[in-house]
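Here the chain labels run A, B, C and D in written order, and each chain numbers its own residues starting at 1.
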Amino acid sequence: MADVVEVFRSPHVLEYPYVRSTGPIVGGYLSGLRDGKILGATGAAGRVIVPPTEYDPDTAEELSELVEVGPGGVVTTWAWVSDPREDAPLSEPFAWALVQPDGADTGILTPVAASGPDAMASGMRVTASFLPSAERQGRVQDLRCFVPEEAS
Amino acid sequence: MSAPKPVVGNRPVAICSFAQSPSLRRVDQANEVEMLMPVIAEVFAKANMTKDDMGFICSGSTDYLIGGPFSFVMALDAVGVWPPKSESHVEMDAAWALYEAWVQLQEGVIDTALVYGFGKSSLGDLSRVLAMQLDPYTMGPLWPDQVSLAALQARALLDRGLSTEQEFAEIAARSRHDALKNPNAQVRNETPVAELLEEAYAVSPLRRHTLPPLSDAAAAVILVAGDRAYDVVDRPAWITGIDHRVETHAFGARDLAVSTSTAMAAKIAGVGNGPVDIAELHGPFAPQEVIVRQAIGLDDSVTINPSGGPLAANPMMAAGLIRMGEAASRIWDGSATRAVAHATSGPLLQQNLVCVLEGES
Amino acid sequence: MTERCAVIGIGQTYHKAKREDVSIAGLVREAARAALDDAGMDWGDIDAVVVGKAPDMFEGIMMPELYLASALGAVGKPMLRVHTAGSVGGSTAIVAAHLVQSGIHKRVLTVAFEKQSDSDAMWALSVPRPFSAPLLAGAGGYFAPIIRAYMHRSGAPNDVGMKVAVKDRLQALKNPYAHLHLPDISLKMVEESIMLWDPLHYLESCPSSDGAAAMVIASEDVAESTAKVTGRPPAWVHGTAMRSEPTMFAGRNQVNPQAGRDCAKDVYAQAGITNPRQQLDCAEVYVPFSWYEPMWLENLGFCDEGDGWKLTESGATALDGGDIPWNCSGGVLSSNPIGASGMLRFLEAALQVRNMAGEHQVEGASRALGHAYGGGSQFFSMWVVGSDKR
Amino acid sequence: MTEENLAPVTMLSTPIRLDYDFTAGLAQSKTLAGYAQGKFIGQRCPKCKQVYVPSGGSCPTDGVAMDEVVELPNTGTVTTYCIVNVPFAGQSIELPYICGQILLDGANISFMGLLQEIPTDEVRMGLRVEAVWVPEDELGPNLSSVKYFRPTGEPDADYETFKEYL
């Protein structure tokens, strides 16, 4: 019965240019990226959280103090993308990683531009690579990626 | 006969009927309502009940799978909520809809509830859809895909020495093998572990076999409280413990190799109060099964995912509820006396639910 | 057994067209923090969190409560996310109440929100799907023909809706949190506003707002001990109910839906109410378009079918001089962060029976109805709260 | 290098685009195939015998598939209506215009349709109308195949005949 009826299919696009107000903490982080700096928030027990959250991830207390961290840091975990998706932040093969910047106690989700999986390791040193200042707009993409420290 | 005393809550509530549609890569001949309708009919038929016997109805689904608002509204037509029904919906896996229904049943005003969930991963690009779950200011704009995120978690596990790629492959091989006995499963075959380990990486350290399939399916469950459960099924699967917990969304601030929320929920649900025969775990990626199993504290004697689990079929918004239905099925058929079901939601096991089901011994 | 429960903390944001001073987390936090302060509690005191909002497409985040877990102090706790269309603010409060009534938890934080300015509400509510009917009338165009059917059935004069629009905006002037403050509001001003969806004028329709609402719902022992410390009385929950019916079906009464009548009957039975107009002191009812006041007066049994407009016209529903004031806060016609709008109704009912509504307080109010509806007038949630236990 | 004089970031643009491959399902496809032929195809519920057009796949009150296909005529009654004066995204018709709830003869449910060839102040409940289809070569599997509805000139339907469908 089911196979005699043509079932119609159609492409469907869900698209909207959302514009979000950031509040001071997220806005501060994005302003910092625009200025070529990575800022974290000082959380409970002095833990520095980056990207800064408006509220402490564990205790929920409101955070207000931003401190500069990085630009160097350590890869805490990583995943090698040999065939980047069209929407991936880098078009060449790269690693997604959590990078803990110097002075921070948490990791940033970021691409790492490395020559190959053999050039990646947990614990390796990396440093931030920003877009040229003229291209930075105050968004996370301003921090283009991290690169292995010896390559910088 | 009497129901075991629950650890959480006061009133014994049992899973008494369960139905699911076969998980398929793409269900094309049916829209969501049409996919769900036979499942609802079957779950009622198995219980010898109708919608008019239900004290409450609760569903789980998400609008982003279909790309338009109010997908749960349309789905209601698969039940036919007329005359009007007491009904609710969570924008979560239907395992949490079951929780909401279980809470209401605790009060003793109603005795029965229908719970269902449905999802079609085939319509959109699931990796991109799931990126919509991420912090919209600092993570979402990078569109990280779910496989890469799961790979970060897998690496954390490997780095800690808590698992091996060999173990990931063994989990996949076991899931596919067990799925051969499950007609609703999607990935069903015998593949030697050695062969799986020869596969290329999808995103290193995850090879293709460690990824759950993309699935379209629906599932439904009927809950019955108190002695009425015996009218429906000889050996009801009593919920003796159920709890769920959430962790921070800032997963860079979490230890990805462990699941503290699962451990907490398992403790409150009383998993450790007795031996566990089988567990249905919803760690969609193979390494996540390891994390969840360790968090719940299940030793090697426990049979994991006899249905094949999410590596054999992973319909979004229903896969968690299916774990509960599959676990209950083992109680009904007598192959288990005490079972654990687990459901997860959110990126990298952010939110987890643990349920203990028991049959009279 | 259904345990007693009560509202012991209430918070809401200053609702505005655009709250550009805060992120989404900042918005929900403002309401949640205020509710905790009212309850004399801190994040650690809360056992579970229940979040509600309307479609995720408003903010363009799938299940945004996941991202909000830390902002709402939910980490390490159970968190639920409810979505039942426009009734969601009410349903969310009811789910939270059940967590206490079932004896599972003692202190539950419930929050509902919408930050509509991140996108466009008209777009998000009616994202066109392939093969569906072309977008002919827009959001209000769905309800305008139903309103016309009501006018035809009841024989109501054309200006009843405009009277509601004026009344609710005058009442909003007494609510500092309301989005719309229109001090010059008058029948003439409503009549001269653009006719959007004939018979509905612009000023007979709700605004689009950013806003959040929050409550702390607690068990009997916690409510009593908290009241002793804070000096602020609880609002006791006397009954809760939800009902749904299909969007469209043959013979459906869209003007006076059965689900609304059944839901009201259920909640009144729990609360021991046989004559709502007499036994309730006020009501906060989801009226997004002016004419829904007379329609819901009938649906909720405040009068006989066909007589709703007479109550409105007589001034019975006005805070100033009415015997059964409706929407003293200004209602949905004055503030409409969609996901939160239903919870605002529930919360305002609780404020009234706690005698904490400030300038829009109904003197001596001791029993109030909170109401929300959604979808194509098909999802209903209601509660009755009182200053005394029941 | 640093631009200290720039104002702090307070707003962030995050465009979203998701692509889907949508499927109409079996029941809706029958109705859509009808539109492509310039016909209204409804479906009857085997339990309550009510005729739905369009059909979403199940009877909304009985929750069962509606297997019986029913071809409906081009004519119907306006049960209620509104006049749209507000511009919104996706709209393509000149303001003001009339949206009518159309109850096709033989159907048990109305749907919203555009009314033309009648001044906005002459439209009324009970008006008899007929569908005007787009030219044959423009017909497609969607309701856009119906260009609009227009008055037939018949006497208005009695309120009693459609009051159950409001």
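Just so it is clear, a residue touches a chain if its C-beta (ideal position, glycine included) is under 8 Å from a C-beta of that chain, and two chains touch if they have at least 3 such contacts.
Keep in mind the model is a prediction, meaning the values are calculated, not measured.
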item: Highest-count interface - the chain pair sharing the most C-beta contacts; value: B-C
item: Centroid comparison with subunit D (C-alpha atoms), farthest chain; value: A
item: Centre-of-Cα separation between subunit D and subunit C, whole angstrom; value: 30
item: Mean-CA-position distance for subunit C and subunit A (Å); value: 39
item: Separation of mean Cα positions, subunit D and subunit A [Å, integer]; value: 45
item: Subunit D residues counted as touching two or more neighbouring chains; value: 10-12, 14, 16, 18-26, 28, 32, 59-61, 141
item: Numbers and ranges of subunit C residues touching at least 2 other chains; value: 20, 23-24, 57, 59-60, 70, 75-76, 120, 123-124, 126-127, 129-131, 246-247, 249
item: For subunit A, residues that touch 2 or more chains besides their own; value: 2, 7-12, 14, 16, 18-22, 26, 30, 53, 57-58, 139
item: Residues on subunit A engaged by subunit B in the complex (per definition of touch); value: 2-3, 7, 9, 12, 14, 18, 20, 22, 26, 29-30, 49-51, 53, 57-58, 76-82, 85, 87-89, 96-98, 100, 105-111, 117, 122, 139-141
item: List of subunit D residues in touch with subunit B within their complex; value: 12, 14, 16, 18-28, 56-65
item: Complex contacts: residues of subunit D adjacent to subunit A; value: 1-4, 6, 8-26, 28-30, 32-33, 141
item: Touch list for subunit A against partner subunit C, complex; value: 8, 10-12, 14, 16, 18-23, 25-26, 53-62
item: Contact set on subunit B toward subunit A in their complex; value: 28-29, 67-68, 123, 127-128, 135-139, 141-145, 148-149, 151-156, 159, 201, 203-206, 248, 250-254, 256
